[in-house]
Amino acid sequence: MTTNPLDADRPPELPRSGRRRGNGGGKRRDESLMVPDAKFESYYGRSVVKAPPWTEEIPTYLFLGGLAAGSGLIGAGGSARNLPALRRRGRFAALAAVALGGGALAKDLGRPERALNMMRTIKLTSPMSVGSWILAAFGTFASVAAAAEIGRQLPHQDGLLAKTLRVVDPPAAIGSALFSAPLAAYTAVLLSDTAAPTWHESYRELPFVFVGSANAAAAGLALIMSPADQNGPVRKMAVSGAALELGAGQLLRRNMHPLLAEPLHQGKAGRLLRAAEILTGGGAIGAMLFGRNRIGAGLSGVALLAGSALTRFGIFEAGMESAKDPKYTVQPQRERLERRRADGVTNDSITTIR
Amino acid sequence: MQDLANADCIVIQGSNMAECHPVGYQWVTEARLKGAKVIHIDPRFTRTSATADKHVPIRAGSDVVFLGALINHILANDLYFKEYVVAYTNAATIVSDEFKDTEELDGLFSGYDEELGNYDPSSWAYATEGEGEDASPGTIGGPAAGHEHGHSTSERSAGDEHGSGGPALEHARVKRDETLQDPNTVFQILKRHYSRYTPEMVADVCGVSVDDFHYVAKALTENSGRDRTSAFCYAVGWTQHTLGAQFIRTAAIIQLLLGNMGRPGGGIMALRGHASIQGSTDIPTLYNILPGYLAMPMVGNHDTWDDYVAAIANKAQKGFWANADAYAVSLLKAWWGDAATKENNWAYDYLPRLTGAHGTYQTTMAMKDGEVEGYFLLGQNPAVGSAHGRMQRLALAELKWLVVRDLQMIESATFWKDAPEIATGELETEKIGTEVFFLPPASHVEKAGTFTQTQRLLQWRHKAVNPPGDCQSELEFFFELGKRIRERLAGSDDPRDRPLLDLTWDYPLDEDGEISGEAVLQEINGRHLSGERAGELADMYTDLKADGSTSCGCWIYSGVYAKGVNRAANRKPGREQSPVAQEWGWAWPDNRRILYNRASADPEGKPWSERKKYVWWDEENQTWTGLDTPDFVKTKAPSYRPEPGTGGPDGLAGDDPFVMMADGKGWLFTPKGMLDGPLPTHYEPQESPVQNPLYGQQSNPARRVFPRKDNLWSPSGTAPGSEVYPFVFTTYRLTEHHTAGGMSRWLPYLSELQPEMFCEVSPELAEDRGLVNGGWATIVSARTAIEARVLVTDRMTPLVISGRTIHQIGLPYHWGVGKEAVVSGDSANDLLGVALDPNVQIQESKVGSCDIRPGRRPRGEAILRLVEEYQSRAGVTVETSNQLKTAESNPTESNPTEDGH
Amino acid sequence: MGYLDRQLSGPTDPIADAAWEEPRKRKGFFTDTSICIGCKACEVACKEWNAIPQDGNLDLLGSSYDNTGALGASTWRHVAFIEQTSDRIEQARESGRRLVDLGMPVMPPSQPMSPPHTAGIGPSPAAPGIDSSGGPVDLVGGMESAVAQATMAAATGTVPDFRWLMSSDVCKHCTHAGCLDVCPTGALFRTEFGTVVVQPDVCNGCGYCVAACPFGVIERRPTDNTVTNHGNAQKCTLCYDRLRDDQTPACAKACPTTSIKFGDLDEMVATAQERVSTLRDNGFTEARLYGANAEDGVGGTGSVFLLLDEPEVYGLPPDPRVPTAALPDMFRKAGMAGLAMLAMAAASFLGRRR
Amino acid sequence: MDAKKTFLSWPVLRQFRSGDFLGRGPAVTSERTRTLEPRTKTADRVVQSVCPYCAVGCGQRVYVKDEKVVQIEGDPDSPISRGRLCPKGSASEQLVNSPIRQTHVLYRRPHGTSWERMDRDTAIDMIADRFVESRRRTWQDADEHGRPLRRTMGIASLGGATLDNEENYLIKKLFTAAGAIQIENQARI
């Protein structure tokens, strides 16, 4: 019996003890045996939204992108403050990281041979499109900056090439500095501009986590590679970056719906993020206390790099999990809806009776 | 089909219409949106139940009790349509007082022959007017043509002959009491017969609550009458029983009592499952009939042409069957042309003779016993799709040669390498001597021809493309095979070869060099051979003559090519014509869409109501007219009364709407024609865990059983050992698949929708037996054991029958064991045995007994041991459940007709 | 950002927003699940027309008669099967009843796809919640009609003890389509019919759209050279090719019971409104519409559904919001984070060099 | 020239030229998209047919392109089906064009373990031979009472419910003339 519109006189039936079950002897059955009733909150426990088809290339890119961005800043800072070790290493690191990151992105595509289609349009509404252009711009500047760096090593400094490279060096430094911030920050938007609940709900804090993480990672790499006598700025940067990453991360957890914060604490993501916090925090403290020591700096740098990487992997994993389990989609939405209804806002529901 | 939209109430029983005929179901949906009530009565809650107003769960095989109780309810509460019943049915007809009912004989009717396991129906006949006048034994409506016993009628599956009308009566001088008070009137007999079929009995036997019964009774009766009509829809849920034909008869009685026959939105809709299964009965690839439901000659009954004509076409009987000689002669002329002459009785002796039932199951058993050498499988997959799949496959292995024509490499073609019996060691590929020819056929778009759909509508399909590779149509293949067989016999002087050599087999070819389907359709339509219209195509079967001046391959199809126009190819869009849509295709007979539609008008010829008008008498123009072709002699006024003794169509009065019936009436009581009783009576299925609560007679006493070692049955009812197979299983189709899967399991789009064989069980049974949703179960019957994935679902309802909980298990039957299909699995049909309805020789596949246990079935030989272990625990022997008579009474002794002879 | 805000949320005409010079009437589906027979003709007709490869591994899922699971790259129409006993049915009726109590929902007069309430949808007796102008009415004030109460009472006594819900799900063709807006290549586009379609020759399989869909519809087809459009994002095109020739989409054409209706979206919404009124007037308070409100989180959908229970029972989100609605804010936050990153780096390099 | 054309059709330029700034509509369409046509429109011919599955008799339209069936869908003209099809009917095209459909005659010799390819003509000849031989071997002229039988019980057939009336007619006609009476189909199942 379902829904005949004109069937106003269906027979009275006893609610539950009617023919269907009452006849069977009234034995209470084991619910777990049955075709599972579609649960109130889901359809056979299947996800409501889909997790993207992304694999480890994406968090790898998030990490490398941040590393590139932070390294770009270090390169530019080194250039501005005439710290050649930082400048050189920053520039090379930026180029290497951005190239590897771009490669990771392309590898993750379903049709890698069409990677260039990213340049087909400029979609302001698409963080990935915007990001692609940022990446392209940053990559260009970083390449030029790296080339200029090589130019400085050329034997014939009077040659046209070396001259040209000297001319383009400052703009490249400024360009990569300018594009490094968007490069580090946009990846947060990239994740947040999705229906994966934990990613989306962290959009206010995630950019800060990511830029902090970017600075910390780049500083970490610089700590490893730079002579201790030039690493003063990157130690500071390491500490501030780590502080921002950790602080924003705490804020993120605190502001989020407790259910949506759950994937950040549980399972693989939880383990990754806990390790990240320890490594990042430890790296920052190490950089602060032992950064002037070559070994101390190196170990701190490794910790910072690892911490940053694990942060990216952890956030990535948490978002993926939140998309796969329907409770993260349904329950907060249901609560949000009920809250609005309680407040008398009833005009914006997708469910209507007319 | 479209007419269902006119119904006010639709009862779907014995059919899962929404799943098996989804597009036909649109008309049910439409009726429902217009306010009709839709009720689904079925063991399972199906997709039909889900979209009906009400689902009534019922124990499989108990339908006659439910429907009988409806009859009782209608009669007891005076809810029948009085004018209709009195005028149009045989309610007022008086039956011979020799008739004894099951209520008197513990479940048997008078005339039962214990030895033959059959009825002599002579005591069921109508009483005669002017008693003693007639020399014959005081009864008419007795067996035609030399008193044919039920045994021989069953053997030739005579029930099928009534595909286009009722059986012959000798004449129609019947006694009637229009007050319906005489105790021997059909009406009173009916009342007595069903008096014990009460709602309480329904609850006890069917497991249907009293409330649910009253819901259905109320819905049906309130939606029947002058202004309203109700329809029944059924399918193989009713036919595949040892009592199948009687299920339908019960519904027919209800519909006659409620005045729902021959009227828009009424009737009983048979929902058939194959594109041209109707056509393959009309122009039968069936052993027992010739085209147009003419009987195949039976040894002993039809030895001579005169015997035959007397049997099929008694000139004294009323109605259109009186001209059956013309139809038969025209058929013989179509087949043997000039070789069929008056002198050789139109080559009647070219026809082979039946000696018994030669249905597909008898043939299978003969095959298994080594009596059949060659077998053609034409788009059928018996290894999966026929009952008792094991027997089918073992039988195939005994053939000398096998021709399989199918679109896909079906299990019946590959049994020699991947039958389950190879895994058990019963068969060995190298030891199977069967030579197998696999020939791919043309698909439906690669050939032109007609399908006849479920409502007798012929629709011509145009050819879209040529068949690929070696594929060819059956038409072309058989034309070619016939030519080559004839070539091999050319010059033979053996008389046995004459029928082949004299066969008209010279069809014209079409532009592709293939035999023209249109030419064959023209032969089917019939033509004038001599006389002034010589060479012209026949307009209608009334053109046909018994003098050899006409030919016609199938008389009921006559008119499909009238005036040289292929009417099956008519394609006026539905939206450009009335809903009856007479200009789309062509329906037999005479392009009529509702049969017996004279009944849609009252005896005076006026529509019963404005709302339900359909066909009526136009007083001004003295003709029948309306929305459809009137199923009546066009100019016969309602007031017409025949001279007594007039036979043929003229013998029917102007208010006798059932023109194919021998007395022009709708038969509540069948004095002839049904082999297992004149009234439907409840018997338990061949295999049932329930004792028949109504009678000592447990199962249909006239059913066909085959006591063989390879066809064992579980004990039934209270017999010891029945507890070993405590559950009822029922088999069925799903929307996503087609029968044995040849046209669905090879298609990914369909296979992915239902990829695996499963069984459906109630949560209670699952708990009882430890079955887990998504897990595996093994189902064991007295024949074999199969495995299936488990769906535990509230859609299956345990029923309380006689105080005992009966669990039913649902088993779709689409899968088969093999390696070629996209999806495969065990076949539910393997669980079934062979026991048949006596009227039509259809097997009981809708109900059987089984056990179910968790886990997968044993592999290899171990499965045989499991089955044997069950058999021995239950004490199963060849005799188990095969005893035909279990009633306490002795009807032969109390049967006066036996004394009289 | 004002322009962007308007483009990303709230009622709008998506065809005009996409700057079509020769717009057609917006097309859409109305899927009336109350007359669905679960035959899956829509699934097959869709796959056949669009040459979609086999989905899944031919496993029985054990979820009633559903063996395709969910919408995805190779299932563009998906029929859900839900088995419910009386307590669940009563819950569904109750939740439907609450929609009236809440005065829900009201179509704002600005609703662009809603026709005037008097136009061609016949009388709608006992329609609480809407006055003759179509505006919201305060129900708490006692407007709840006796008729409505009576039908509720009638309905209460007739809860069947079992029902089997079937519902054919499909892409929602949102007014604000997350998938479309996040697509970096322009592979997803808004057609002249207002539908959202993937261009398989453009898509490079970045997978972003998968994450951005609040309904979990679009999916990337796994890489497999033997199937068409592998590695591409795939979903319902509303048979764009057929629409261009004024043909009905394959699913709607096949649907035996007209459960799937296709036409001009405003007519679809009107039909849906009429149908839900009829059902509710007859005591089927569980009936409700889904996607017919332009004020909802996706600006209304191009596929309207009549449901007989809460959306999540069917695997639909109860209060979906397109992630891009928050994009302007995300960009703002990211911008601030970027500035913070720059500032921190600058601070690190300013001051003492060691 | 081509390069210029390619550059001008660069969606980024079209975005700003067309006013579709966000790149959602006409600016981003590809050539394939702009010229998309349904294959029901480009078909060479359309043939009216009937669904081969159940007995409802739904109308089908068969679209043919280059002598190949490219689409089968419901015929809206049919008063029975009104253009609708069930899942099986909707899968008809796959039934016809199925890549695993058998299109060759195959032969399994007695006791054989595999299929062999065979010429169709040869196969029909072999079947005709066997038909004639089996008929001869198993012929029954009369029963024990001398009543005529004129038949063979050695040849049987199953099938017909999915065949055309014309085909069933020829089968029944040929087999009956040959005296083979065990001719059956799904109607008895």
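First chain written, first letter: the chains are A, B, C and D, and each begins at residue 1.
In the analysis below, contacts are C-beta pairs under 8 Å (C-beta built on N, C-alpha and C of every residue); 3 or more make two chains touch, one makes a residue touch a chain.
Owing to the predicted nature of the structure, the values given are computational and were not obtained by experimental measurement.
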Selected interface, B-C versus A-D, where C-beta contact pairs are more numerous: B-C
Innermost chain, taking as reference the mean of every protein Cα atom displayed: D
Centroid spacing, where centroids are CA-atom means, of subunit A and subunit D in whole angstrom: 53
CA centroid of subunit B to CA centroid of subunit C, Å: 47
Length of the line joining the C-alpha centres of subunit A and subunit B, rounded to whole Å: 68
Chain centre separation (subunit B, subunit D; CA means) in Å: 27
Per-residue multi-chain contacts in subunit A, two or more chains: 1-2, 4-7, 10-13, 18-20, 35-36, 120-121, 123-125, 129
Per-residue overlap in subunit D, given as positions that touch at least 2 other chains: 11, 21-23, 27-28, 84-91, 94
Per-residue overlap in subunit C, given as positions that touch at least 2 other chains: 7, 35, 39-41, 43-44, 48, 61-62, 64, 83, 85, 162-163, 181, 186-187, 202, 256
Subunit D residues within the subunit A interface of the complex: 10-12, 15, 21-23, 27-28
Subunit A residues touching subunit C - in the complex, by the definition given at the top: 1-8, 10-13, 15-16, 18-21, 35-38, 40-44, 46-54, 69-70, 73-74, 77-78, 80-81, 83, 108-112, 114-115, 117-118, 120-121, 123-129, 131-132, 177, 180-182, 184-186, 188-190, 192-196, 199-200, 203-205, 207-208, 210-212, 214-215, 219, 229-230, 232-234, 236-237, 240-241, 244, 323, 326, 329-330, 333-334, 336-337, 341, 346-354
Touching residues on subunit C, where the partner in the complex is subunit D: 7, 15, 17-21, 39-41, 43-45, 48-49, 180-181, 186-187, 189-192, 197, 199, 201-202, 239-242, 244-245, 247, 250, 253-256
Touching residues (chain side subunit A, partner subunit D) in the complex: 119-125, 129
Subunit B-facing residues of subunit C, complex: 35-41, 43-44, 47-48, 53-56, 58-62, 64-65, 67-68, 83, 85, 162-166, 256-258
